[in-house]
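The following pair of complexes shares a single chain, subunit A, combined with subunit B in the former and subunit C in the latter.
Let's look at the complex of A and B:
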């Protein structure tokens, strides 16, 4: 098991040429030599000329060279479709007033249902895993599970509760938490590890694999160790140190953070903003300040755990509506408001708040913002929009879903987001009216008790935000947004053409590809790693049991050649593993970039 | 473990995985395969009816055991629950759909033992001992499914 040559080679080749030791279970295909070459720009173009020659004839050559020009007029949906004007492929959209928001959403989103035999096989696969796990649990006690020196004490772990993590998750545990040793930009370097005892422990082999990175939340490509953001952050770290170690209300406040807040407010076009050191905590600790026991919250089915935790801490009454379903939302709002607070004898609620996310990162779907805003106004509720994944990634100016749908940001009462994904930094923000932010400055636990954002991190946010807004004087921000939009459209269309099922809206840079069976998640992740692509898989219980998926996160840093390479590999892998479930008609024409 | 990959997933996936698409078919197939395996055990092939009888009966009571055990005796969920929510003390049956009674899944799972019982009576031609055994196991399995028994622990068995 594993590749013993790697052990003997030791620390020989740091760039993983030819030896690919991974966790057990990776298929022993012998990829052709050109696949194992290092991945810098020359290798990509080389692969392109050799393998894509057949496709090059189909691809119109002018598509990649002349259409991409930053000064070209951009259509409202945020991508340079200028090249397509002559083909009149521009779909009518809501922002142009040609199509109602409902129809547009319906047209652009797809959540194809699983074929019945696959669903059955998934269940049977789980049964088998469970049965084997039970037998395993009865017969063998793993050495990590025996507790020494604890006679007379209650066991630390209940055998039933740790069943899943020990007997199901452990088998493909090598696909998660993989250590890397480079900055996770468009490519990353994985440290290879092997497991001798079937997933209980891992050992590093000493070699590394350079992979194309399709798993990091790096939408605008700011995750880089070089470049202007990195230089300015480094300077700032030298000037101001690494952390203030104090809350904003005491010693942790400084001019840079005030500047950051003003810049954030200007970025969104609202009155004021407040920033926090941690994105998860922004949700979890501010929702209790905003909501209390006599409030009703209507939250989407697939909201993030930070929102759910914040809501539970606040003590408000939570009502869940079906994911992105406007009729269900209306029904829940109506019932809630008509019947009042049932725990209080039917008195009216003091606040009704709708909580949705901009892009739902497990589904790849985008919230139907114009309709939610219309409902909010009709029923006089507040709207809290969590733009963790959509700020920077959506909209023609990178301002998020409000920009994408051309909705006035002042219509959304509370805009929340994180700096982790598109800005390449860490932390979260809340933006809205001055009254709201003033309230939060005194009443928010995350502001008064938690430490402030560290100076180099804040500098990274400042630099990247100015770049996106174009205030640094270059066109880099604009280019990045364009590039991301083109990558998204291209990748999603090519995947649909291959015939795999992907979920979500066609403009969201998060692309979940469905593999359904639990073991296929492991197979795909391992196979793609041997082919030098790093992806993230997600299965039960993070997703519904039927829908195991591989989630691709596209980035503006990806070039077309990298995407083409990835798509080829995905094509071959899905042929081998049988992932082409889609029953929709496939577009026979070659897709232009 | 419900916070794999940074916090996705619902707070208790145990409540909804039984209602996903394809479960009913997979359940039937599983039941059918157990039945066929038992049918093919060689030492009980004296006569066809007697075979089918005993085997369905065995499958039935064996299955009632399985049914009983997985749905009604084990509490909590097989992944580490870091939260102190009430589902730690609920059996899987009570966790389905977070406690709402009479949903489609619950109706399906209540109907299956009953249908199986009727089939068994058909094949055993209502002979007394088989009937008694099957009836007892049916009652034991159907009682906890009634809405009145939600959360009830008779004689404090299985309370904590």
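Let's look at the complex of A and C:
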């Protein structure tokens, strides 16, 4: 939690200690400092309220309540059409640029602090679970597979790790790895399963539940079993088969992949790009080629596991800065460059690289890119931007955070992202200068050793990317981007109005809702499932112990009716389970879609 | 008053203390003060002033992000495949007999598998849009895992979405800092990366040399006797490949298993090549040597060879394999395998079970090709008879590996122009643990005919005699 304290103080403290870090590192010279200090947390809400008042539309929440239900699909189509009519006033996810970028970011980002008693209860609850687990372990013979035929061996697993997964995680194990048997589109079909032995094992009941899908990373709604993408993928599979059984450097290269690389480069407006078959491997298997032992990496503390693995493989010195905290980033950079490689007698670093993500998947926050770019230039560092979640979902052209902030993509040395999410496919890319990509073609582990992308998978990326770019001659791509932006703002504002605590930036389609207590993660996920909504929970160790959360991922495929239905259910559930922790003043006015 | 009394007290204490104690105490006091002040004065390093820092930053010149790439680098010039991959393949505009793709069983051309995959596409769409934990688990994934476990007659399988990441994630899920891993030095690059990620102590033994392994084990035993406390916490692993991708040789599994028992090792076998190719039923190197699969702790394999799809899996006892669902990084943090490719793997397993004769057909072809290809005058064949992967090295070693590679590329290019697709094995020489000798890697396809193999032999022989 400590990292967010500083963040919050930055908003609220009037004494200058909590002054907002600023891209140039010397806030005294900046004319906007005085303005910055005026914005305390309540002021932030006031601004929002005023803006909403001015625009307040007649349409209100009761006009549409409970017309949607995942099991009543017929109603939906009519409403979807109605919802699409007033698209004209909708804005894409785009930084507005009315205020200085730092200012705007602060207005739109929220990491509300947890109330004291909830914090105490969370810890208490967690320790209670641990104690119960220990008692359980002592009293009952664990009903768990034991190792056979390996007597006298050193124990394979760490004692705490296996205790945690058996006696703590098992209690809410049913909330993860839930099998589905449909397209992970706006809705999905869960295969129902039950457990007779408190989570040790599961059995299928044979029944299915249709749920509204707020869990998949289908940001632009390209996950579909029909339509252009699916048709072209099938055609391609029939033409070229399902795989190449070879790496790109042997007999796995083809014109389609070369086209995909050219298109990707064009999509981002950079010289060249290279694509790989797995997003995780794009980070884990390419960072080691770019970095060596005498390099310093400044990495955000909330960076994804694939980045951390890649860095570990590279042997570079890793320094972590506080999540999205530019002042801390500057401090780490400055210290690092001034004192050099202390393990090597203060020798200057051969390279310094900043690694950040576009949208942080667990926090829902958006990187403060313009400031990062300014710092990168000031300290002559290189910038690696992981856009796994933001590509497609951010910016008026769906090109990610560079598009969102209108930052020149060439200012980012390495653009990385995945095709799994917005493009509804699989794989990842790296984009940048020709020199960089040529280097990767001759040094990338994945390019040389791993199998090349399957033709239908590559085709899905090609078709969806062309759709987003409008090269298919329709407005579909643009409409999807608009729809996602609109859904995101509406959903986030409505949640804030309900009084639950959400983290992150108001334009981020990843919406974490804080429930804090470990057991509440399970309670919310289960309750929402009975109400036909599929959501994702995240708790320790994926998040700090304190910050158990439910994550909603919005999609362009969602309609207003679906979101209203979800919000209504979340409202009721939050009342029942006591999730309305927020102490910020709530917007009394209906939120405009 | 009280103050005076206090002073008197202190005076009495001083007077009653022996001199040496007094001196000692004063000395201690000085030491404490010195330590405190010294720490505050900047610890080990001196802090720079702001001006000095600015000066250093001003003058800091980093190396370029990447070095210049030689425009003639062999990896920059990749061949273009313009057809569906099967027994025939169109490479750079030439229609060729395919001796390069790892499509051992010829499933890439199988119409039934394709149909079923397309049917799956129409049910689930293309991507899975999420990791396994977050609604990325589809019923096909569970079915595939169950089927693999049943096929291998083991308790549990776990499916990864990328062949490379399978073994590279599996090793660090178990082996941690402080553990020791004994590894054959011929292992493929994915295993090497898994070893790096584990941060364990790595002991390499000579390729397929059980004696050398035993030597290392004895050394370790001596170390353990010296430090029995540490030995109680050190997990020992043995990692080998069923058939080595880089040499085409089969590992001496019975000897390895004997050593496993003797020295209490946990043995991991990567069967990316041997799964679906060795053994009567295609169950890999364990079936080949008729070894009970319980003797092996974990078997991993890519599905990018005999199964002709994408991804990989690990299979073993429930106790072992289940652990990866919470610790296999490439499993947890990656989107799951696209459902249509999962379906292709299920359909491939169907074929494995329905037509077990395909494995003997493949092995017969591998033997046949081995016999014929042993007769090259300028190239030396390497690899096991039964292995579907074989390497052709220059019979007379070149001066450097670079020179050898250039000549092999030349041979491969000319063979392709004359209708036989063979390629030199691609390695990142500077990133491998130690440089790998360049070779042409030949992959056997079950569908090859004897006449085709002989014709290919003629062409390669003619080309290599002319070029080398």
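By our rule, the second predicted complex is superposed on the first by the 480 of 593 C-alpha atoms of A that agree within 3 Å, B and C clash if a C-alpha of one lies under 4 Å from a C-alpha of the other, contacts with A are read in each partner's own complex, and residues count from 1 in each chain.
Methods note: a residue touches a chain if its C-beta (ideal position, glycine included) is under 8 Å from a C-beta of that chain, and two chains touch if they have at least 3 such contacts.
Since we're looking at a predicted model, the values are computed, not measured.
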Q. After superposition on the shared chain, which partner residues are touched by A:280: those of subunit B (first), subunit C (second), both, or neither?
A. both
Q) Of the two partner chains, subunit B (first) and subunit C (second), which one does A:240 touch, if any: first, second, both, or neither? A) second
Q) Does subunit B (first) or subunit C (second) touch A:195, or do both, or does neither? A) neither
Q: Return first, second, both or neither, reflecting whether A:154 touches subunit B, subunit C, both chains, or no partner chain.
A: second
(Q) Taking the superposition on A as described, I'd like to know which of subunit B and subunit C A:109 touches: first, second, both or neither. (A) neither
Q. Of the two partner chains, subunit B (first) and subunit C (second), which one does A:460 touch, if any: first, second, both, or neither?
A. second
Q. So, does A:305 touch the first partner subunit B, the second partner subunit C, both, or neither?
A. both
Q.
For A:165 in the superposed arrangement: first (subunit B), second (subunit C), both or neither?
A. both
Q.
Just to be sure I read the superposition right, which of the two partners does A:508 touch: subunit B = first, subunit C = second, or both, or neither?
A. neither
Q) Who touches more of subunit A, subunit B or subunit C? A) C
Q) Which parts of subunit A are touched by subunit B and by subunit C alike? A) 157-158, 161, 165, 169, 176, 280, 304-306, 536
**Q.** Complex interface listing, subunit B residues touching subunit A
**A.** 1-11, 13, 16-17, 20-23, 25-27, 29-30, 74, 76-81
Q: Sort out for me which residues of subunit C touch subunit A in the complex.
A: 45, 48, 52-53, 56-57, 60-63, 65-71, 73, 75-76, 78-86, 89, 91, 98, 100-103, 108-109, 113-114, 117-118, 121-130, 132-139, 141-142, 155, 161-165, 168, 174, 176, 188-190, 193, 196-197, 199, 232-236, 264, 266, 294-295, 297, 302, 304-305, 308-310, 317-320, 322-323, 325-327, 329-330, 332-335, 337-338, 340-341, 344, 421, 423, 425-428, 430-431, 441, 443
**Q.** Residue ranges of subunit A touching subunit B (in the complex, touch as defined)
**A.** 113-114, 116, 118-120, 122-124, 127, 157-158, 160-165, 169, 176, 280, 301-302, 304-306, 308, 361-362, 536, 538, 540-546
**Q.** Interfacial residue positions of subunit A with respect to subunit C in the complex
**A.** 144-150, 152-154, 156-158, 161, 165, 169, 176-185, 188, 191, 213, 215-218, 222-226, 229-230, 233-234, 237-255, 258, 277-281, 284-285, 288-290, 304-306, 309, 312-313, 334, 337-339, 342, 346, 348-352, 378-382, 413-414, 418-421, 423-426, 435-436, 438-443, 445-451, 454, 456-457, 460, 534, 536
